[in-house]
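Note that the chains are named A, B, C and D in the order they appear, and that numbering of residues resets to 1 at the start of each chain.
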Amino acid sequence: MGDPFGLIGQWLMDLVTGWGMQPVAALTLLRFLGAAILATVLLLVCFLLIVAERKLLGRFQDRYGPNRVGPWGVFQTVADFVKLIGKEIVVPDGIDKPVYWLAPLLVVMSVVGIWAVVPFAPGFLGTDLNVGILYIVSVGAIGTLGIIMAGWSSNNKFALLGAFRAVAQLVSYEIPMVLTLLVPTMLAGSMGIAAIVEAQKDMWFITAAPLAALVFLISSVAENGRAPFDLMEGESEIVAGFNIEYGGLAFGMFYVGEFLHAFTVGVLFSTLFLGGWQGPGAEQFPLLGLVYFFAKAFVVWFITVWIRGSFPRVRIDQLLSLNWKFLTPLALLIVSLTAVVDKLAVEQGWSRILALLAANGALFVGTMAVLGAYGRSVRLREERLRATAGGLSTGIAR
Amino acid sequence: MTVLQIVFLVTGFVTLLAGVMVVASPKLVHAALWLIVSLAGVAVLFVLLNANFLAVVQVVVYIGAIAILIIFAVMLTRRVMADTGPTHNPSWWLALISALVLLGGLLALILQVPAFAQAGPTAQPAADSGLSDLGTALVDVNRFLLPFEVASVLLLAALIGAMAIARPADAAEEGGE
Amino acid sequence: MIPLSWYLILSALLFCVGAFGVLARRNAVGILMGIELMLNAVNLNLVAFWRYLTPGLIAGQVFTLIVFAVAASEASVGLALIISIYRRRSTVVVDEINLMKW
Amino acid sequence: MRPEILTLLIPLPPLLAFGLIVLFTNRSNRLSHSVAIGAMLLSWGMAMAVFIAAVTAPHLGEHPIELSFPWLPTGATALSIGVLIDPLSAATLFFVAWTCLAIFVYSVGYHNYGQPREAHDRAGLPPHGGGLEPMYARFFAFISLFAFGMLTLVVSDNLLLLFVGWEIMGLCSYLLIGFWFGKDSAKKAMVKAFMTTRIGDVFMLLGLAYLYSATGTLNYRAILANEEVLHHLATTPAFLGLSIAGACGILLFMGTVGKSAQFPLHVWLPDAMEGPTPVSAMIHAATMVSAGVYLTLRMFPLLSAGWEEGGALTTPMLVVSAVGAFTALFAATIAVAKNDIKRVLAYSTISQLGYMVAAVGIGAFVAAAFHLITHAFFKALLFLGSGSVIHGMEHGEHETHAHTDPQDMLNMGGLRSKMPATFWTFLIGGLALAGFPLITAGFWSKDEIFADAFANGRLLVFGTLALAALLTAFYTMRQITLTFLGQPRTQAAGHAHESKWTMTLPLIVLAVFAVAAGWAGIPEDFPLIGGLLPNWMHDFVGGTLLEHPHPVAFSPIPLLTSIGVSLLGLLGGWLVYRNAKAGAPDPLIRALGPVHTLLKRKYYFDELYERFVVAPAYWLAETFTYKFLDGKVIDGVLHTIALVAGSVGTYLRRYIDLPVVNGAGDLVGESIKRAGRGGRVIQTGRVQGYLVVGVAFVALLLSYVLLVRP
């Protein structure tokens, strides 16, 4: 029971080569096989995720949520899926066909692609890329591309507006995310995801870099484009955003892409900051590691859903100024601070972690002080405006 | 004809085809999308050359940033979906001829390369394809620190310059947003 | 294994395709795309030479990175220029930007 | 932290302070002086740490604290900068740090921090009685920059960096002398100082270049602590029968002559007293002028290359000793006749510097270093004391609205009771300057010089210096008597009162050193008290040189001489001036008659320079070059040429140009115009069109080069 996944892989390899296929080709074949299995599993996981999220949101909003189809409505998603398949595929007029059809694929691809480098358990991961972090970023970029393609190709004002918003949001929030991704890289001394997980054997990185974790969480929720950052599909403003012209299975793909991405955020967070599959006994029993991994991921995912259920949607200017005036500078500070402290803390182990923690604390206090001062000044300005302009107050971004 | 060679041929063909489409396609947005395909092809070629890092950076920088930028520019600088008028010079054939002559010159140049017929790489690069070495080389005073710093200064200058140029004239006075 | 010559020829072809784009496109953005293609051809050359001739030295990769930086700056500034021209003259067709013409 | 790193950091805080004050804090006086003093305190602390490390290090001379790294990697030969702490620089660092710190603190009080700013004070003019200095923050910025320059100079390990610090100080001296640029005299003085020192610096730069070309390096250790290099320099002849070492030595010494105001170039220092008194104390007594001597001490191995102890002096040494001795006497004589309290001190500074230079010249390395240190302390003390006196006088004026020159000693008197702290510290400093036996530092250092000069039989130098010492004691006592003793001679003096603690505290600190610094160098074989304390100065500082100099054997004559002259001078000064009446002329005038005027006019040196240097320069520029050469000769020639050319031209035009040339010209022009009109279609303004042509050419060229001509 040492290394089940390794065993399985070995067995398959032998089998295929046994059929007289040359090793390179066999390896490629297996890779494709694995990818196919992984993707399918993920898309199936989505059924669970969607219904769970809807139930949770229902509870948050003091509703029941889906409760008709099957026991506690667990088969709601299946029903929706069937409906989506059954729908007639309405192709709007004047669209750009190839682009239109390519877009949803890209979106889903960008989400599923991330999983290729995520280590589920010791010795069980798609591929151990030595630039895994960068890979994640680049795959995310493809998603952006898909959205803009969708918005542009469907020949619809709202779609295009939604796409512009989406791209503005995604491109800007990519910056703090990438910056905070540098922190685990520095701490682990490698860009490979597996190495990063390995480096968290003694202590999770969230203890050494809580602020980075926080910023990462915020910006990746924004990357995901869900409440409170769901401007790209603000139903009340631009009807449904970039995917307005999509129906049937194509829309389903966007839908799946979004929900899966939400979970992927959890997975990434737990991998980078919560030690991935690390846990008592995970070394000996990889299956245990798998359990730890998904447990952590679900916790983080739950938090994101919670955020979604609790916060109102922000305005576009608030969104952008939050990113450019707050998150990006903060992320820059965090990165430089971590680099310096990590360099200064010569001996590894607890002293290092404590030093980093102290630095983070100091930075946090400083940030809070700055924010407080800024808030006071804004309030003062508003007071003055109210005093002069007789009661009409101007919305100030953060 | 090994697997690698097949992969190379396919990728190269796709890259080249995409490139041709970039310069030929009547719709500018399509051209931009083809450009992305071509760049992705180059990224794959990088992977074939054991330069994973460069491949990923290629995707991040080009597809993630430049291509998006170009698409934006395309959308901002023309009525959306409406491509009117010819997309090439009246004298495009001249350009074609000179490009072909240039190709001839380049091929002649390549033929002079001593290692032209080299069948394969001489030595394997470092285990992480020189990634750590690359990292240190960029911040080593005696190696590439200066070019690296110059490049970063260039980027900063480009950032500021782009903002200064692209902000609308009215925004220039009231200075901002 | 793949001969070095394949890479070189491919990059030469790509370079010339890009050059043609630069020379023949009427739209300024199209010209920029052509430039990007040419830069990529150069990068391909650099990396191929690095891999085949001097895997020990890192210079090839460093040059490529610098070319990335140059490409990014060139694209951003170029597009900014195009946009501001479009604002003033509401066209991005290079033939119609003919202030230098007699 | 390792002392090398610490040494490297020493100069930086003041520089930082300069930047901070200039850029950010110059609005707030409190912040500005806090920043400046804080930075100086930091440097001081580091300097002390380094000093202790240096003193405790064994064989510092052979293994100094040094750290060097390439600065300008110019091809093969990288100009490297670095820091070096050997005994000499350690000792220098010690007194530089102390005096600078004291003076920084003193400046706070001197510029009336805390007082309101008076309405009628304008920037660029000294504040009237007790008002806050209008350019308070700027002053601290300047002195911080100066401190940076001085510390850099001290810790540097090569002549280039030393020269950098040297010039920074030159600039600061210029800026600070002209700090009150509203005064015309200050403006003149700043230019004068800058120009005069520049003369020296040019020669020094020549020396540097020459040395670099000769040895290929400017590092001290590489040149001075290197037998064969020195030997090579000493033996290869350069010019005028000098060896390279001699030539470089003299050229570099010219720099010293400018910087520490030795004989031909001494004129700037007295005028430099136009600056605020802390500046006079720091720049023109304690540190900058000492830098010149420091350089000479540094270059001692170069100067003395090919000289063994007790042997005949080398040419540069002769020059140095001659200049030094002469300056010592010459300046002392002038000082006797001066009435301005600060000018007296200025001239005495010149003469004391002459002592040191002369000492170096006769090979008394240790003695010179010793006197450098002690002098820095007591002269800074004296200047600050005089500043405090002037301050008190100004207060007095302000109260009594009397208009008397607050710097003229004849207007003072009886300040002993008014400002006791100032008096006692000033007395200590004065006695040290006069070399009052046994208790003061000045006595020991001077005695060392005398002993050395006598033992090596440099009787001429010995005599000159002794005479100078006599005069020194005399004018010192004269100063003390006129200023502090007797009865107030004006109301201003009557109403003067003691300055704030920020001014008196530094005085006290420096006074302590003015006494204690002497104990470090008591010769072993001195009667009675010799050997009670180890002769630290000799053992430590002497270790700088390659071969350790032998302590001179004790002999009573120089000792008695120095005691005698100092006591005699003091007594004389007191007797002459003990009852000077208000308004009465200086008793010396009667005694000396015309000589006194000669002295008072500083041997007419300014006039001489005016006449023989400045005026000719003006004349050359104005009359000769401009009026005659340019106006008459050149213009005349031109005019005649023009005349001839004009007549010929008209002829040619009438008969050749119009018919022949114009016809052709117009033809050409027309055809070109037509061609242009036809050809301008080529310039389409289409960039791509041009690009096509360019690319095509490139490609053709490429294929030609590669195929046709491989």
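The working rule: a contact is a pair of C-beta atoms (placed from the backbone, for glycine too) under 8 Å apart; a residue touches a chain by one contact, two chains touch by 3 or more.
Please read all numbers here as calculations on a predicted model, not as lab measurements.
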Intersection of contact partners for subunit A and subunit C: B
Among all chain pairs, the one with the most C-beta contacts: B-C
Chain centre separation in whole Å, for subunit D relative to subunit B (CA means): 61
Subunit B and subunit C, separation of their C-alpha mean positions in angstrom: 6
Where subunit A and subunit B are represented by their mean Cα positions, the distance between them in whole Å: 28
Chain centre separation (subunit A, subunit D; CA means) in Å: 67
Shared interface positions of subunit D, touching two or more other chains: 686, 688, 692, 695
Sequence positions of subunit C contacting 2 or more other chains: 19, 23-25, 95
Pairs of chains satisfying the touch condition: A-B, B-C, B-D, C-D
Residues of subunit C that touch subunit D when the two form their complex: 19, 22-25, 31, 94-95, 98-102
Parts of subunit B lying in touch with subunit A, wherever the complex brings them together: 2-3, 27, 29-30, 33, 36, 52-53, 56-57, 59-60, 63-65, 67-68, 71-72, 75, 80-81, 128-129, 131
Residue ranges of subunit D touching subunit C (in the complex, touch as defined): 680, 683-688, 691-692, 695
Touching residues on subunit A, where the partner in the complex is subunit B: 24-25, 28, 94, 96, 99, 129-131, 134-135, 137-142, 144-145, 148-149, 152, 155, 160, 167, 171, 174, 191
Complex contacts: residues of subunit B adjacent to subunit D: 89, 91, 94-95, 97-99, 101-106, 108-109, 111-112
